[in-house]
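Below: a set of structures, written as C-alpha cells.
There are two complexes below, and they share chain A, which is joined by chain B in the first and by chain C in the second.
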Partner chain A sequence: MSTVMRSPAPVRGQESEEPLLDVQDLTLQFHARHGLVRALNGVNLTVRAGERVGIVGESGSGKSVTALSILRLVRAGRIAGEIRFAGENLLTVPEARMRQIRGKEIGYIFQDPLSALNPVRSVGDQISEVLRLRGVRKAEARRRTLDMLQRVGIKDAGRRIDDYPHQFSGGMRQRVMIAMALIGEPRLVLADEPTTALDVRVQAQVLDLLWDLADERDLAVVLITHDLGIVAGFAERVVVMYAGKAMEECSTDELFRASIHPYTLGLLHSLPRVDGEVPEKLMTIGGSPPSPSALPSGCPFHPRCRYALDRCREQVPAFVTPPNGSHPSACHRAEVLAQSPGVLQ
Partner chain B sequence: MRWITRGARFVWHHKLVSCSMAFLVVLAFAAVFRDAVTPYDPYSTDVSLRNLPPLSDGTGWLPHVLGTDPLGRDLLSVLVEGARVSLVVGLLSVLVSGTFGVVLGLAAGYFRGRTDDVVMRLVDLQMSVPSLLIALLVLYVLGPSLTNVVFVLAITRWMVYARVTRGLMLSMREELFVEAARSLGASHLRIIVRHMIPNIMAPIMVLATLEMAVMLLTEASLSFLGLGIQPPQSSWGLMLAQGREYLTTAWWLVTFPGLAILLTTLSINIIATWMRARSTESPRESGAVVEPPARAPLVAQQA
Partner chain C sequence: MNGPILEVEHLVKEFPGGRRGEVVRAVDDVSFAVAEGEVLGLVGESGSGKSTTARCVMRLIEPTSGRITFEGNDLMDASRSRLKRLRRGMQMVFQDPYSSLDPRMRIEDVIAEGMVVHGTVRGAEARRARVAELLELVGLRQDHLRRRPSDFSGGERQRIGIARALAVDPRLLVCDEPVASLDVSIQAQILNLFKRLQRDLGLTIIFIAHDLATVRHLCDRVAVMSNGAIHEIGTREQIYSAPTSDYTRSLLAAMPVPDPEVERRKAAARRARLEPAGSAGEAGGGDAPTDGGGPTAADPRPSLPVSASGGAG
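And then the complex of A and B:
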C-alpha cells in the first residue's frame, strides 16, 4: 500500500477540449454453457491527453476486460456502446486500422510479464517488433530499442538486449514490458495491474518509472488496479467499477474525501487507517460480488448496500452527476449522499 | 580447446547418441562421396563375379568387402548407392509431408471453426484407411518412380504432423504472449510465423526425426513389394527383395541391406529420443502433446 510517495498533480482544467479516450456505456456479453455472461454492463471512462486515470475494483469487476475491449482484443462476445479515441470510433474501424492503433497509438502493459513475453525470442527482438511492424529498418529499430531499454532503467542494456525473458528478474521484466508498450510512442497506455506480481519496493520503482515516462512524453495512462493506495499515489482521476459497471468517477482527492457512492464508501471503510487507532476488526462489505452470469436485478450492488431502497432492486441507476454533487455516480441515492459527501451512515 | 573438452564430455555422457550420430554422419558422407568409399561402379555387371562371398579379391584398390550380388556388382557399392536413394526419399518425403501437415495443422489450430473441422475430418478419414493400402493403390495407378514414392509417402503420413501441430497450437493460442503480440498490432500471419512457430518447433523436429525412420522403413517395404524404387536404381528394400531368393546360398545379399536399414532407423530413433528428452528439460519448450476436446468451450471464433 501507498507505494508511491508523491501527491497527485492537480487536476487539469476541464476545458472544452475533446478527451483523448471517451468510453460511453460500454457493454460486453457472451454466451457460455451456463447461459449469458454479462461481463460489462455500462462502463464510462474519459481520459484526456496526458492524464493519469485509475480504474479500481475487485477481482472480476471487469477492469481488465474493459482495457482489452478498448483494443478490441476480446475474442468472444458482443460489444456495444461507444469507444472514441482521438475522434475515431474504435468499435467500427476496420481490423487493419485497429492493428495500426494497437502499439502505435495505444500501448498495453500486461500484468504478468513472464507469460506476456515470448520465451523463445530475445527481449530486444520483441521490443523492436512494434517498430519493425511499421517498416523501421533493422539497425534503426535496434538502436531505438537500446535507447528505450536504457530509458526504462535496464543496466548494461547493450549486453542484455539479446537476453531472453527468463534471464530477467520480475521487476526487470516489467520494465521490458513497459519498453515494449512505449517504443511505438503511443499517446495512451493501458496498464493492467502492472505491479501486482512485484514486491512493494519494486512496485514503487516501476510506478515511478511509468510516472516519469508519462510526464516526459505527455502520455495518458489508464492504470488498472485493486489497490487504492496505488491509485492514491498515481492517478489524477479514478473510476470505481463493480460488477462490470462504472459506479463513480471523480478526482483522486474526491475519492478519499467526498465519495457519493455506497460501494466506494464501503471500500474506504474497509481499509485500515495509518493515522487512526488500530481497530479490533476491520469493517467489511457484507456478501460477495455477483457472478456475471447471474447479476441481480436493478443496481448490481443493491443486495450488499446499506442504503438500498425498493427502487434499487427494480431500476438500474443512471451514471449521472446529482444536482448537488461534484461528479457522476451510478446510485439512486447519490443526491442524499451528496448532502454529506465522504460519510458512510 | 574449450570446445574439444566440451565435445569429449558430451561423447562421454551420451555414448549411444554419439555412436548413432557418428553412424549417420559416416552414412551421409558415404552417400555423398560414393567414389571415395568404393572403387567399383554399382551399375557395371559381370556375371563371372556372381555371388562372391565377402572379402573376395577384386580389381580395385579394395577387395569386395561385402561380396557381390547375382549380377556380379560389388555389394558395398550397391549398398552405398542404395543409401543415396533411401536417404533422399526419406528426407524429401519427411520434408513434403511435414510442410503439408504442419501448415494444415497451424491453420486448424489457429483459426479453429470450420477450417479445423474440415482438416481434422480429413485426418480422421485418412487415419481410418491403412496407409500401405493407399500407397500400393496410388503407386499402382501412377506407376513406380522415385518422385511418386516421395509423393505417396507424403500423402500417407501428413496427418501425423497435422494432429500434433494442431494440438500444440491449441495450447499456444491461449498464451498471454500471443495476446501481447496482438496488442502490439501484429497480424495473424506474423503472430503464427514469428511468435507461435518458434515455440512449437522443438516437438515438431522430434516428430520429424521419428518420421524419417518410418519413411525409410515404408520405402523399404514398398520397394520390397516391387512398387517402390525400380532397377537399375537400387535401394535397401529392393536389395532385400532381390537377395531373398539366394537366402540359403548367399547370406550376405540380405544381411547387409537388412543391417543397414536396422542401424539407420535405430540411430535415428535414439537421436529422436535424446532430442525429446533435451527439449523437455526446459519446461516452457516441452513437447507435451495434449489433444484437447475438439471444441474448447467459451472461445468463440473471431471473424
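And then the complex of A and C:
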C-alpha cells in the first residue's frame, strides 16, 4: 500500500523517487505487569531524501517509540509491519548491519541531552566515537570533531572540545547532541523533541541550526514534537499520531488549513495564540488520551470525537485518502470532513 | 479597577552557592501590585526568577528583603500563627500534578486537608459535602472521592490540585506553571477552568508561565521577567501588541505560532538578519548563543536583546 500524497504545497520535486524511509503499518506490542501494551497500532511514515517531516502527537501517542523502533532500539515486544530504509528492510537486517546503520546512516537526537550524554567523558570524545569505531585515526577524528563543533556554533571549540557535558548550558548541550548525530554524515536524522527542554529563544536558534545543516547536506530530518507551532515552522510534511496510530498525513500547509481529521482539527482549535483575537473560551477535546494498555475499541479517538458514529466504536478505520480528499487520514468520516477541509463542525 | 489585594515592593531574594561562593540574586528589586479580581501573568525564561518571586510572595521561602502586603497585612513581619491565618486567603497551584499530590491519600482527604488544618469547616459530614461541591466546581465526578492520585490522569490531577487550593476559600491564587506539564488537548480544558473560576468566584490570580500564548489567553496584565527583575509590565494589549523592550520583542518573535505562513516569514527575517553579520557557515557568527550562562537554573543569564523588526506579526 503506497499512500504517498501529492501536495499542492511547494514540496521538493522528488515525488517519483523511492522514499528514503518508508514505514508501513508498523505495530508494536509488549507484555507488561498490567497486561498487553499496544504501543504502536499502525504507523505509516514516508520520508524522501532531504525532506523535513514532522511527527506530532501528545504523550503516549507513540511518536518516540516509532523513532526508537526504526533504529531497532526497542528490545522487548512483538514488532510487525515494514520499515524500509534506502532499500533495506530494517526489521530483518542482521544486528551487525543495524549497528552500522545507527549513527552512520541514521542519526538520533535525544530530547534530554544531559541524560543522553555520558557525564564522565569529554564531549569531543563522545562526538568522535562514531568516527573512531569506523577506524578513522585519532588525529583525523579530532580534527573533524572540531570542525563539527564549530559548525554547530560552539564558540572557542578548540578549548571546549575537552570539556564535559555539565560545563555546557542546555542549548549548547543540544548543539553537542546535534554534532554527535551528524558527525557520521547520516542521510536521515531522527530528532525526538530536541528543543522541549529549552527556552523559546534558544529553541529558535537550535531549530534554525538543524534546518541549515539539513539544507546544506541534503539531510532528511524527522522531527518529533508535541508543539504544532514548531511543526509549522520546521516541517514540509506532517504525520499526526494518536494512540500509537497515524491519524493524518499531509503537507504542513494542509495540516493548518485543510485538515480532514477530527483529532487534528480539535487540537488546532484548542491552542491559545500570541496573535489574533483572544477568545472567551478555548474549544476543547473532552476527556484524555487513552492508555496504551486500555485502548478503546474501534477508532481509538472515538470516545472523544464529536463526529463519532456507531461504526467508529466497532471498526478500526483504515489509513486511506478519501475519494474527495487530497491526503490520507484514518477516519470513517473522512469523506464528510473532506467536503469542507479545515473546518470543525 | 479595584484597589490592590497584593503589593510587592523592592522584593529581593538571594541564594548562597554561586560558582565561586558568591551570592546569587534570584530576585532583584521586584515591585508590583495586583488589583482585586485581576489576573496577572509573570512570564520569563527559566532562571528569570518568576517562580522564586511567587514562592517569596507566599512566604514559602524567606525573602532577603522587601515588603509584601496582602489585603493590608504586612506578610514580612507576620508571626508564624498570623502567617498561617493569612495564608488561608492565598493558595498555590503547583506545576507538577504528579509530585504535588500525596500518593497515599484519598482524593477526599487531599482536598479536605486545608479545611482541617485551618479549621474552616468543622465536622466530617460538612467537610464531605464541601469536598463534593469542590469536585463539581472543578469538573470531577463524585465517585472519584475515595480514589488515590495514581488513578487519575495529569489533567484530572491538576483539577484536584485546584480544588485543594480552593478548599479554604482563598481570594488570591498563585499558580506556578499549572498547565506546562499537560498535553495540548488537556491544557485548553484547564485554561477554561481557570477562566471560569476567576469569573464566577471573583478570584485574583498570579499566573506564572513560560508560554506566552497561555499567558495571553488568561491574563489582564503581564509582567515580563529576566535576570530576576521585571523587565516590562503592562496590560495584555501593551505587552503583546506594542511591547517597548527588545527583550519582550525577542521572546514574542521566538515563540512558535501554529501558522506555517507566519513561521516562514519569521524564519526568513531571522536569516536576513544573520546574513550580514558573518560569513555563512562560520561558527559563532550571527548564530550567537544566548544561553551563555552556566548549568544551574538560578544563574543569572546575560540577556541578549534581539532587534525584532516588525515584531511577531
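To be clear about the criterion, the second predicted complex is superposed on the first by the 331 of 345 C-alpha atoms of A that agree within 3 Å, B and C clash if a C-alpha of one lies under 4 Å from a C-alpha of the other, contacts with A are read in each partner's own complex, and residues count from 1 in each chain.
Simple rule for what comes next: a residue touches a chain if its C-beta (ideal position, glycine included) is under 8 Å from a C-beta of that chain, and two chains touch if they have at least 3 such contacts.
Predicted, not measured: the structure shown is a model, and the values here were computed from it.
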Superposition on chain A - do chain B and chain C clash or fit: fit
Touched partner set for A:Ile154, first chain B, second chain C, both or neither: second
First, second, both or neither for A:Gly170, with chain B first and chain C second: second
Partner chain(s) touched by A:Asp208 [first = chain B, second = chain C, both, neither]: second
Touching partner for A:Arg121 - first (chain B), second (chain C), both, neither: first
Which superposed partner A:Met180 touches (first chain B, second chain C, both, neither): first
Touched partner set for A:Ile285, first chain B, second chain C, both or neither: second
Contacts of A:Ile230 with chain B and chain C, given as first, second, both or neither: second
C-alpha centroid angle, chain C to chain B via chain A, nearest 10°: 80
Per-residue contact with chain A, leading partner among chain C and chain B: C
Shortest CA-CA distance in Å separating chain B from chain C in the superposed model: 14
Set of chain A residues, in rising order, touched by both chain B and chain C: 166
In the complex with chain A, residue positions of chain C that touch it: 45-46, 153-156, 183-189, 191-192, 195, 210, 212-214, 216-217, 236, 240, 250-260, 262-264, 266-267, 270-271, 281, 283-284, 287-295, 304, 306, 312-313
Parts of chain A lying in touch with chain C, wherever the complex brings them together: 58-59, 149-155, 157, 166-172, 175, 198-205, 208-209, 211, 216, 226-233, 252-253, 256, 266-268, 270-275, 278-286, 288-289, 304
Interface residues, chain B side, partner chain A - complex: 175-177, 179-187, 190, 194-195, 198-199, 284-285, 297-302
Contact set on chain A toward chain B in their complex: 30-33, 71, 73, 75-77, 99-104, 107-108, 110, 112, 115-121, 129-130, 133, 166, 180, 184
